[in-house]
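Please find one structure pasted underneath; my questions will follow.
Each chain carries a letter (A, B, C and D) given by its place in the written order, and its residues are counted from 1.
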Amino acid sequence: MKTPEEYKESLREMRPNIHKFGELITDVTTHPATKRCVEGHARIYEAAQNPDYENIVTTTSHLTGEKISRYLSLIESAEEMTANLRLKRTMFHLTGTCTGGRCVGWTSLNAMWATAHDMDKDLGTHYHERLKKWLTKAQAEDIAVAGAMTDPKGNRTLSPSQQEDPDMYLHVVEENADSIKVRGAKVMIAGVAAANEIFVLPGTGYKEADKNYAVAFTIPRDAEGLTIVEATHPSDRRELEEGFDSPPKTGITQAYLFFNDVTVPKERVFMCGEHRYSLNVVLNFIMAYRSAIGACVAGQGDLMLGAATLAARANGLTEKTFRERLTKIAINNETTFGMGIAAATLGKKHPSGVWICDPLLSNINKIYVAALPYEAKVITQDICGGIGETGCMPSSKDFYNEKYGKLVQKYLKAAAPAEERARIARLIEWLTIGAGVPGCLHGGGSPGGAKIVIWRQIDLDKFTSLARKLAGIKEQAPVAEK
Amino acid sequence: MKTPEEYKESLREMRPNIHKFGELITDVTTHPATKRCVEGHARIYEAAQNPDYENIVTTTSHLTGEKISRYLSLIESAEEMTANLRLKRTMFHLTGTCTGGRCVGWTSLNAMWATAHDMDKDLGTHYHERLKKWLTKAQAEDIAVAGAMTDPKGNRTLSPSQQEDPDMYLHVVEENADSIKVRGAKVMIAGVAAANEIFVLPGTGYKEADKNYAVAFTIPRDAEGLTIVEATHPSDRRELEEGFDSPPKTGITQAYLFFNDVTVPKERVFMCGEHRYSLNVVLNFIMAYRSAIGACVAGQGDLMLGAATLAARANGLTEKTFRERLTKIAINNETTFGMGIAAATLGKKHPSGVWICDPLLSNINKIYVAALPYEAKVITQDICGGIGETGCMPSSKDFYNEKYGKLVQKYLKAAAPAEERARIARLIEWLTIGAGVPGCLHGGGSPGGAKIVIWRQIDLDKFTSLARKLAGIKEQAPVAEK
Amino acid sequence: MKTPEEYKESLREMRPNIHKFGELITDVTTHPATKRCVEGHARIYEAAQNPDYENIVTTTSHLTGEKISRYLSLIESAEEMTANLRLKRTMFHLTGTCTGGRCVGWTSLNAMWATAHDMDKDLGTHYHERLKKWLTKAQAEDIAVAGAMTDPKGNRTLSPSQQEDPDMYLHVVEENADSIKVRGAKVMIAGVAAANEIFVLPGTGYKEADKNYAVAFTIPRDAEGLTIVEATHPSDRRELEEGFDSPPKTGITQAYLFFNDVTVPKERVFMCGEHRYSLNVVLNFIMAYRSAIGACVAGQGDLMLGAATLAARANGLTEKTFRERLTKIAINNETTFGMGIAAATLGKKHPSGVWICDPLLSNINKIYVAALPYEAKVITQDICGGIGETGCMPSSKDFYNEKYGKLVQKYLKAAAPAEERARIARLIEWLTIGAGVPGCLHGGGSPGGAKIVIWRQIDLDKFTSLARKLAGIKEQAPVAEK
Amino acid sequence: MKTPEEYKESLREMRPNIHKFGELITDVTTHPATKRCVEGHARIYEAAQNPDYENIVTTTSHLTGEKISRYLSLIESAEEMTANLRLKRTMFHLTGTCTGGRCVGWTSLNAMWATAHDMDKDLGTHYHERLKKWLTKAQAEDIAVAGAMTDPKGNRTLSPSQQEDPDMYLHVVEENADSIKVRGAKVMIAGVAAANEIFVLPGTGYKEADKNYAVAFTIPRDAEGLTIVEATHPSDRRELEEGFDSPPKTGITQAYLFFNDVTVPKERVFMCGEHRYSLNVVLNFIMAYRSAIGACVAGQGDLMLGAATLAARANGLTEKTFRERLTKIAINNETTFGMGIAAATLGKKHPSGVWICDPLLSNINKIYVAALPYEAKVITQDICGGIGETGCMPSSKDFYNEKYGKLVQKYLKAAAPAEERARIARLIEWLTIGAGVPGCLHGGGSPGGAKIVIWRQIDLDKFTSLARKLAGIKEQAPVAEK
């Protein structure tokens, strides 16, 4: 398995194709716009070497029996799914941020594992063998694999082929014996700057007319024809500077990937036109992803719990003053974690060997993931006061200014020294309204989409039948269509 | 195992000692104040005979290897705890109501199983053997065992021995070689009218000065010196009448048990003065109970989901009109169920063999159990309209009145016939503001108490340490005591 | 102005036409099913004689300059609308319950005052003069006037004339020079048992095809052809008994009014076929009613605040323990009261002289009225404990039972004596899950309906234009229809 | 009255004493760190000249009868307080941001007007005359007056004189016949960069030992000895650049004001040691401020309503899809606005002529102001999608990059052109997680503080007495102290 330094070296060896603020980034491991993201992912490689975290971060390959990164493992049981959740919560503890440059790829390969199996069985294709080969090599090389699903989507009321511009969803534009060519984009993709490869899945289910959009594959991040532009977030210009205004050394990036007729060799292609299986792989992905994402949210909540406590103490107050509110954060954290555990526990094994989480509970967890972190943020800001709510303090440049820095320091101290208090407040700012805010609302799909899946899972026929019996109603009520 | 009829017969054989409305109830199986409660519990015996529910309601005795009621089983794994949750959700589906005359006793015996083991190991007592004997017999006879914890408590700021009246908590007043005598009361005890025996536990933790209050035992429901008075609820006078105003044939009772120097033979005593173990058994109880109660709440929510759908249809509307709100009920149902599953999954095995649910998640589930059902009720009433909200319809006596009943019927019909619509509305009334409202707020303890347990479980030291690292703070912030 | 005794006498003089539980009620002032409702309304007459409340309950007629009941006054300014809110909050304080037998009629006459003026102006009718005459007499006689709007409605997706049964909405079946004949029903009508007359309004807006349903008039409660049946609520059988289980002496009734070709003389008819004005009078009603109803809810909340405090003290706890939660009740109370005040303040004067409350704020207040009381109820039950949540105590018959009443009393006492504590718990039960629960969800119309009115009031064009300017967008975004 | 240009000229004439990022700002009207704040306030001067807004932004001086800026007026009635709310909502519409560089000073002078009157009457001081003179001149010169209350506060559990460093609250260090000298700081002060003067009030109530901290005065923003450092917020480095990433041209600043023995001439001093009046002026301020701030929040909510609608349309969706959620934003907006109107309406006139808003409702509004905007933000982000939630798009530099800008543009277009869609998303980012997020939680004081004031206003004695009467309890329950 790779050391953090070997991992960084592997990134440095790649062709530069990532841009931000109009410029090409030549070394993602040192450029201020990407180094925090790389640092976050490097901590995974670090933890794998650390006996304290080894069991959490690594596991045994079901393919080779070798020790591998858990991020490249097949999830075959509720216990392993639970291990996924523990890993995510732990990594959030260690980095303070999303490490989406590995976890989405992980979920993608598991989702594809089941669908490839289904396709092969139904259609006589050979996708599963290809995927197995790719995975064996990926495990051996211990690569970081990002995952990409979201298409630009254009006009939301039109299907891909109805769009004015046919490229609004990624699609196959050419196919020959050895390879395919794809065009389009995948947008808002997390952690690409820290990844060696990208696992690309279709963004949704497709019908016959859109079958060219049903395509899944892996590619190196620096593939020819792939242009990457990082998104800018409100506070990322601050990250370009030194000083303690961006307290953690970690971070996450979200990229726009533009595929200009990128060639993908067939051995990396796992779906190509089988539109009936497009929704299938998406749902497989969703169930695992929405179960586990609650652990990330719990991890972030744990940090808010810690930071809010430190803020109270820095102001001279005991955390008991805020017991009701801190307890509320804890309740929320355990809710998104617990619902993920429940979705794992109530799941079932797919014939391919993959564990499929419960569709109802995993989607319900998405609803909580999209809602509860906002409560934790408000509470944390509330406890910290104005200096946490909007980071309402002079910058570290002012803090250390020769002329008036002493005044800034004099008046920022409270029960804690000035710098400590300022750092806590900046951490809270970062966690609640800064670069540390993960996209809980839309990450892993919108709550609106999750509600549709939930609705379809409700067994209304059963419940109306039970209610009728209790009410003593014999004849059936006129059934309205669902 | 007993048939429903044998079960009812066993109740009829007992000494009448239950009262309501100032009168002694001579036959609990036919008296209108208790027959609905008996009927609810009889459905458990019925289900045990029904192949569809057999696996849910029965299991194998770890003591004898015989088929027994699950309500008398030891819960030895997360899977069996999950089976507990499924059983509770199912029984709510089949009865529409609490069947606390068995489930509290079941939880009590499991909680006692672990504590008896601990006491024996630490103190050289022989409680565990006694309990085993009692349980073997209970399983063989397939008896219904209620559970009793809540003391009257008097002035809430005083400990038992500080109370003006020492009987405000149940206590031992005499002990000899073969038996003890107890005095005091247990209040708001569910399903006693449907029980053969009662499992009595201490209500809270006690200190040295209150050691006589640390007492646990089982007694027959008709023990000498035990006077029972049933509580009255807003709508229970309606239950004394015929007609469809109380749609389900089932129900639950809550009793006040007055112990006037009741003699308990030693072989039925499982704690007697070991005050240090008093909190222990209470916590064991709480963790199992608060995990599983979410399944009851889910079951009731399922019925509201069904009833609300029927109400919409009865008014001529499709349930799609209310998709957002019905989905909310489903989310709530799966939340209390899922958090219980998670508390089970994250639990651990006690040396005595009993499975102990996770203390953090089980108590968090109590918070949801105390809050979410209110949302479901509002939504259900909202969808049904005024006739469900406060049952705003003439009575069944008016509905069938010779003179003007036809007018009532003419104007109550909508898309559904009048009686069907009225029955649905009465069911919703019953579920949301009538006799079918279970005491989710205080049943299994108050949310306030649960929050205290949660607070004590939060690992603030860990979280503040993680936050400090991310913020780049080296020295430790001044620690305020928790 | 009438004394309470004269008021009761006026009710006794009327023809008995009210039924409940299959029986005709011959004297509404003494029959247990209606006397509490009469008692509640009698307290209005009492308060009018009490110097402490005189200014709240009475005012000066704009017609005659005489002192009249405020319930028969025209509301001509924001100040008088504010006086309406104060009156409602006060009457809830004095009765603990809805006094809908006067307030709905009051709102109806004000709504009709404006619409009659509009019709006369537009169509040359003479409704306004008729209404003025009726009101002058009503004021002089100080009668209690209930109001009736809600039709049975049958299949909710069909208009009145499309229904299988044309009587599902009240309609005119015959008209001649001096009178009209109406058929149909009005359902869930509050306080009819305590009223001398009923002000009937159309239930919604109608189109040309349904013009016969656009009808408004007043009739004596005992008009020929009018059959009245009272609805039964979960706990009203308890009200038939003595004892403290139903603590207040007051209450409210909801009736089903069946109009079997009832003749209404023309001088009492204020709309007859003018379907275009039907929605108009409904909206006039809604704006006033939904503003003011927040004061009733605030009044009920005040009582829960008081009762919860008493419950805490009875248990030996200071209310400070529950400061956060009691404050929440207070916030809710002032919210429904304050939003009503704001709707009044931002209203405007109609050419007829009537004050029309702000349509946006009054409908928003309906949303709060439908939601906030549930929070107050949960908090109140939470503080009181199980004996308040579901009234989990033996009945007053058991409390005073010769044989075991002393046991009940012994164990119900806490810091307060047993009866006092029991009465507080029964009051809380009554307020939160008993007969004292007003129909806040559907009373004055459903929140769903209110949301539609709110949506139509939002000035999206203005807000999108402001947003465009701030975003620096010049060309207009493609406008989707609202 | 000043034109916008004259206003900016007046700022340019002042001594530079404002710093940010370690540098002195020489011209606040052009420096990128302050020019947006100045621009926001300049729009007030612009609106005063615009006939459409003239009545909103200007009024007549009660001192001179001249037309003056409303921001320098005395608020003498509920109507004028309502005009205050309308002004604030309008200015938020026109600027998208807080214009705290005028509104806090306005509220301060009104609060001081009443307290100065009280002190003069009780103590024979002459503060009121001084204030009148100052105000007359301020009105004549049409100056922008910021307001400063919040002290650094150090250890929150210690009073000012108990602090290790006595300067943690602003205090008088010297007094002579003509002037005083003050030392300390005021922190997180809005809009100072756009102000000509600052109105300084004590931050809380003080006791005898802290009487030197009871001090109120006005000073020019560029007074000798006053050093100002602006706070940095997450996204303000972006504001230093060109391009559309910071869509509005407006903004707000928050400053730390360091008073190094600043001399204040006596004619500008309105409190100096009268510690008993310190809480009085704070409460006067709070009641007006917390009533009116709901209008700012409503104004911001209106913009979110507009922006969310544009975002839906840009994606090809009609806003009807989001009716329920957009309605929720509108409800929230009208709630903070309406509760402010109610607090104004239920207020009363102080003998000095100032209108004092209702203490209960104004503080309740603070609770809503601290909570409801978060809901609006989540909804707006939800509707917009990931590009609004965290502004997940490439920067404007990438958008216009020669090499790959066309790709960015190609894939950002939807139903709206790419730039329009990007600008809408950036506006939403700005409003919900960027520089446009106002500090609703702590601005105008924390919700925790507001709850304490609310608790003290609740008339528990009255409510318990009413509850006792209804419950039929004669003797008084044991009264626990509040």
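We take it that contacts are C-beta pairs under 8 Å (C-beta built on N, C-alpha and C of every residue); 3 or more make two chains touch, one makes a residue touch a chain.
The model shown is predicted, which means the values in this text are computed figures rather than measured ones.
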{"item": "Each chain counted as touching subunit B and subunit C at once", "value": "none"}
{"item": "Farthest-lying chain, centroid of Cα atoms versus that of subunit D", "value": "B"}
{"item": "Chain centre separation in whole Å, for subunit C relative to subunit A (CA means)", "value": "52"}
{"item": "Averaged-CA centre spacing for the pair subunit D and subunit C, given as whole angstrom", "value": "40"}
{"item": "Between subunit A and subunit D, centroid-to-centroid distance (C-alpha), Å", "value": "38"}
{"item": "Subunit D: positions in contact with at least two other chains", "value": "317, 324, 415"}
{"item": "Residue ranges of subunit C in contact with subunit B within the complex", "value": "19-22, 150, 152-158, 165, 167-168, 185, 187-188, 227, 229-235, 237-238, 240-241, 245, 254, 256, 258, 260, 315-317, 370-371, 374, 378, 381-382, 385-387, 389-395, 397-398, 400-401, 404, 407-408, 410-415, 429-430, 433-435, 437, 439, 441-443, 446-448"}
{"item": "Sites on subunit D touched by subunit C in the complex", "value": "78, 82, 93-94, 96, 244, 247-248, 250, 302-303, 305-307, 309-310, 312-314, 317-320, 323-324, 326-327, 330-331, 334-335, 337-339, 341-346, 360-361, 364, 367-368, 415-416, 420, 423-424, 426-427, 451, 454-455, 457-458, 460, 462-468, 470-473, 475, 477-482"}
